[in-house]
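After this come two complexes, each holding subunit A, first together with subunit B and then together with subunit C.
Take a look at the complex of A and B:
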């Protein structure tokens, strides 16, 4: 075996020695990085570059040679609005409805999800009975496919679904959960939290378990109340983990598409149309297929995401620096 | 012993090499044609049966069926074709929208036969009015129209309106029946821009201006949309269908009708097979004529066609497959087995002996077939219009927003006009 390995190494020895002589020892690292860099270029940088190119062109053709250069027109069309708070005054009202929906979705989803995850992690961190079972129960929805999550909740919430059967059994009037805009939006946020909460709970639980026990023992000896212990010890020491959770939840929240699309199709009307669905429908499902507009919308979304992530990272560093 | 083993190894290696070459040469001589197919019922299985016959007669051509969801035909196929990676043949419904990719069969097939039998539907596949090519076999002619639950009418003691009844009469009758029988939905219409077009034309919508350019919104179209929205607001129409979804997603009310929870369902002839299979003896149902308005009593024609694509490496084989499908015996079998209305003039000239069709299904097929002659010329033009899918999607989006109260009908129609102008500009 060793002999075989030595033989293989010898096969590479000659070309590597040759490359080292030509490039020098410092630049030889690029040779080793090349395979990864090529893959990265092909599957990450090139698509981003192409996306930018498409955003600067117009028409409904997919091949670049058939598309006209329109400069920043696609961005201008998307940004054309009298009042950004009222989508009806915007040229692309559906884009701005999607922006509003996504904004509210992120605020509510991240806020409630972190709150519930923290609460769950705190409970699961205590010495309760069947702790392992409950940890699995809360993590289980994370393992489900987004489409399965959407269908489960659709069956529960539809007109003749489980929820209305329950209300009916209690003698109450059924509620059209999936036909009222506000209710559908609420349930979209809810199912998203339900599906992802377990993942963030797990991270926060790891963060909680990393807090040294002796700090709590000292607080106990000082007769600190549970609330004071939580606000002065747990929360500050958990903050770096919380920031990681926030960044992850933000990125995941902005990218939300599949579960909400399968749940409500973006409706009723456009009540649950999120930005990624707008990009998908504009570029692929609609007619004509406006690849340029879809690319421009995705770039605007990416820029917002970069800014928000940057702000959070800055906050993390500031926090770490004390 | 060693030399013997060595010789054996050599012989085996040579044998393997020979087999490989053989396989390669066999593979090179057989032409594989990929057919992207989607089913409402048993279409793809029936195609397979016909292709088995075809392959028996043409051992150098193999037809490989890719059975995909309808959504893939609508959304993935156009992208594949644009990128040059599409199949050789597909069953399509966006007949005009994909015309730029079709293979002209005229060099390979008997043009006179195709003109005589598919002359009426060929314009839907052509790139322009002066194009005379042969591009596709219209495999199923569909007509939109209503299904009625007769048992509910009987239970309610309400008389079924006649063939010349207008939409208001049907709405009143369906409401009466729903109230008397306690079912959830009086009426429902598929969430589709194509489905709402027939009723709008019946109300006098022109859809095209005097120059023949797409217009979509006029006073009559707006009047029908206003009525349609008001029916959703007062509970006449099932809000779950148009008001329960968003974007350009399609939604039907087949399940509600099959479960006996819907009195009047406006859909189309392609549902017959499923209705017949699923309802069985549970209740009586039938197809009635399209309701009338001030502009007539029309449904929308439509359907699917089987086309070859220009980018195929085997144009002759593709044409051969399509020509085989288009032969009267094969087309007749396809129509009879899949319970569809024929678009082949020869097959349509005599009653089709539908295979395994229930009495209700036979009545429904005849009722839809009887409506073909009365289809409005505007509906026929709309079906063949190259950019009709853009118009369908705009209708879908904006009418849905009016139904759920995001926009007023007036705002929705203004948006529809500007959407159409932008869509037309993008396609130029």
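Take a look at the complex of A and C:
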């Protein structure tokens, strides 16, 4: 493997030496940047502009020359709604249901996930044995692929699954978890918390460990109650980290697709259809392929993300300064 | 409430285990059960026969029904023990099931058959691993093909990403040139545009480049990551410039300085990025789902997802495939978990 890499690198030696001679060392920087910038241009910048073009054109053709300009029609169609709180009154009811689902999803997911992450980080920060082991136990689901996570829980929640066996053993009626809207939504939130919690726990634990010990010693000296120590020292000093964690979780939360789609397929009905799934199905899975509508929906999502990423950079900087 | 507060705030407890320690370890072991349990359950289930998987309530260990070969019958017959009725206590082999009764024979006297009720018998079983769940993956399914696709995409994308990102990071950390700030701002800009929000144009560009439904169509769009550039640049900034000056004095070319000096010195950061890249690519789902349509190009993740949607796919094979899909990542984790934790904490995930 390393040998292969070495020979790849050696191949470029002569052309790079030649470029260095004709460009000079100063301009060689652009040669080093070129491959990355070309990929960035092709697969990140160009798509941003083209996304707008797609959103402003209609039809089911992917090639731009086959598409007719329709102005803001796609946005108008998406936004046409009598009552935004009731998706059934909207022209694109599935879009608004996806918006509602995503909203509820992130509120519940982030609320509980940060709560449990904080609790876990506080427990792991105590004077415990085998901390490394316990830390990796909470962390390892982060590495599992979304499809694997979905299948693990689907297997437990299926009709003859472990969960129903547990209910049966307690003398309760089995539940068809995957056929009831509320339960499927609940388990979607649950499995995404299960899968991602370890990541936030890790960041919060690092934040806790960065709080200087002597602050606690001073509090002990002043005979501060444990509750006061937590609310007046731990929490305020952890706030910058909490902010980073919250924004990161928001950024990922609004983009949730993989594990929920593999788990429930968005169903039953549209009970767990999230925004990205709407974009995917509008543009790629359904017929006709409404690329314009998909682009318009993803632009709305992108605007949210730009704000959130701006927040993230601000929070990270604040965290680094504070 | 008071106890919870103490629980949350205590930093060190002395004088032997107190209530707080009990709560702490209680929480931790609950965590172990909740985090590991489901995966272990999946592993145990993946060794059960399809019949066993469909029985309720499920049992912890995998069992298999004993089969016996009887002269005069081509296939091995399942063994039962009769629990009630006139034949109670006898071990019989079932020839055929007819509604609520079964036609059985005594293996020791195979010519004589008789009927018993299905409610009056119990299967003779022993603990055995249904390894055929795994072997069938290679016979009935194109598992090796999916495995190869995933491996090829993961390794190629990781190598390309490491080379491209480290070149860019080298330029951004070791050269003073006009436009550097703009390039850095552009990289931050890319951070704001995840693949998920530009799917349609990405699809068109990949189509125009003839990348749709090829493995390269999955590899290239994700090969340049802003995260990688940042991570490596941050690390390379800590390498003193004097080393470069000394090398230039010795007439080393810039390319040689890059891959002979800077790359080896950045090995720790490269290792972290490599592990992250392997994980991202191996677990990648949404873009491959869009970019790959022919079954023969499917990655493991796509194959898993499409099999679970097919009605005739049996859980036994699906569970075995899930285990094989998570194994490489589990191995990486087992050996390199320290790097992973620091890597993920320092890059903010993706």
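Here is the rule we use: the second predicted complex is superposed on the first by the 267 of 322 C-alpha atoms of A that agree within 3 Å, B and C clash if a C-alpha of one lies under 4 Å from a C-alpha of the other, contacts with A are read in each partner's own complex, and residues count from 1 in each chain.
As a convention for this text, contacts are C-beta pairs under 8 Å (C-beta built on N, C-alpha and C of every residue); 3 or more make two chains touch, one makes a residue touch a chain.
This structure is a prediction, so every number in the text was calculated from the model and none was measured.
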| item | value |
| --- | --- |
| First (subunit B), second (subunit C), both or neither touched by A:112 | neither |
| Touched partner set for A:128, first subunit B, second subunit C, both or neither | second |
| First, second, both or neither for A:183, with subunit B first and subunit C second | neither |
| Subunit B versus subunit C as contact partner of A:62, first or second or both or neither | both |
| Touching partner for A:286 - first (subunit B), second (subunit C), both, neither | first |
| First (subunit B), second (subunit C), both or neither touched by A:265 | both |
| Which of subunit B and subunit C A:273 touches, first, second, both or neither | first |
| Larger contact residue set on subunit A - subunit B or subunit C | C |
| Subunit B versus subunit C as contact partner of A:138, first or second or both or neither | second |
| Partner chain(s) touched by A:309 [first = subunit B, second = subunit C, both, neither] | second |
| Footprint overlap on subunit A, where subunit B in one structure and subunit C in the other make contact | 62-63, 158, 160, 265, 284 |
| Residues of subunit C that touch subunit A when the two form their complex | 2, 5-6, 8-13, 20, 24-25, 27-28, 31-32, 34-36, 38-39, 41-42, 45, 53-58, 159, 163-165, 167-168, 170-172, 175, 177, 180, 183, 186-194, 196-205, 207, 209, 220-224, 226, 229, 253-256, 258-259, 279, 282-283, 285-286, 289-290, 301, 304-305, 308-309, 315, 318-319, 322, 325-326, 329-330, 332-333, 337, 340-341, 344-345, 348-350 |
| Contact footprint of subunit B on subunit A as seen in their complex | 58-63, 88, 93-94, 97, 158-160, 176, 178-179, 181, 264-273, 277, 281, 284-290 |
| Residues of subunit A touching subunit C in the complex | 5, 8-9, 12-13, 16-17, 20, 25-30, 32-33, 35-37, 39-40, 42-51, 53-54, 62-64, 119-120, 122-123, 125-128, 134-148, 151-156, 158, 160-162, 164-165, 168-169, 194, 198-199, 202-203, 206, 216, 225-227, 229-230, 234, 244, 248, 252, 255, 257-258, 262, 265, 276, 279-280, 283-284, 291, 294-295, 298-299, 301-302, 305-306, 309-310, 312-313, 316 |
| Subunit B - residues contacting subunit A, complex | 74-75, 78-79, 82-83, 94, 97, 184, 239-240, 243-249, 251, 387, 389-390, 392-393, 397, 400-401, 403-407, 411, 415, 423, 426-427 |
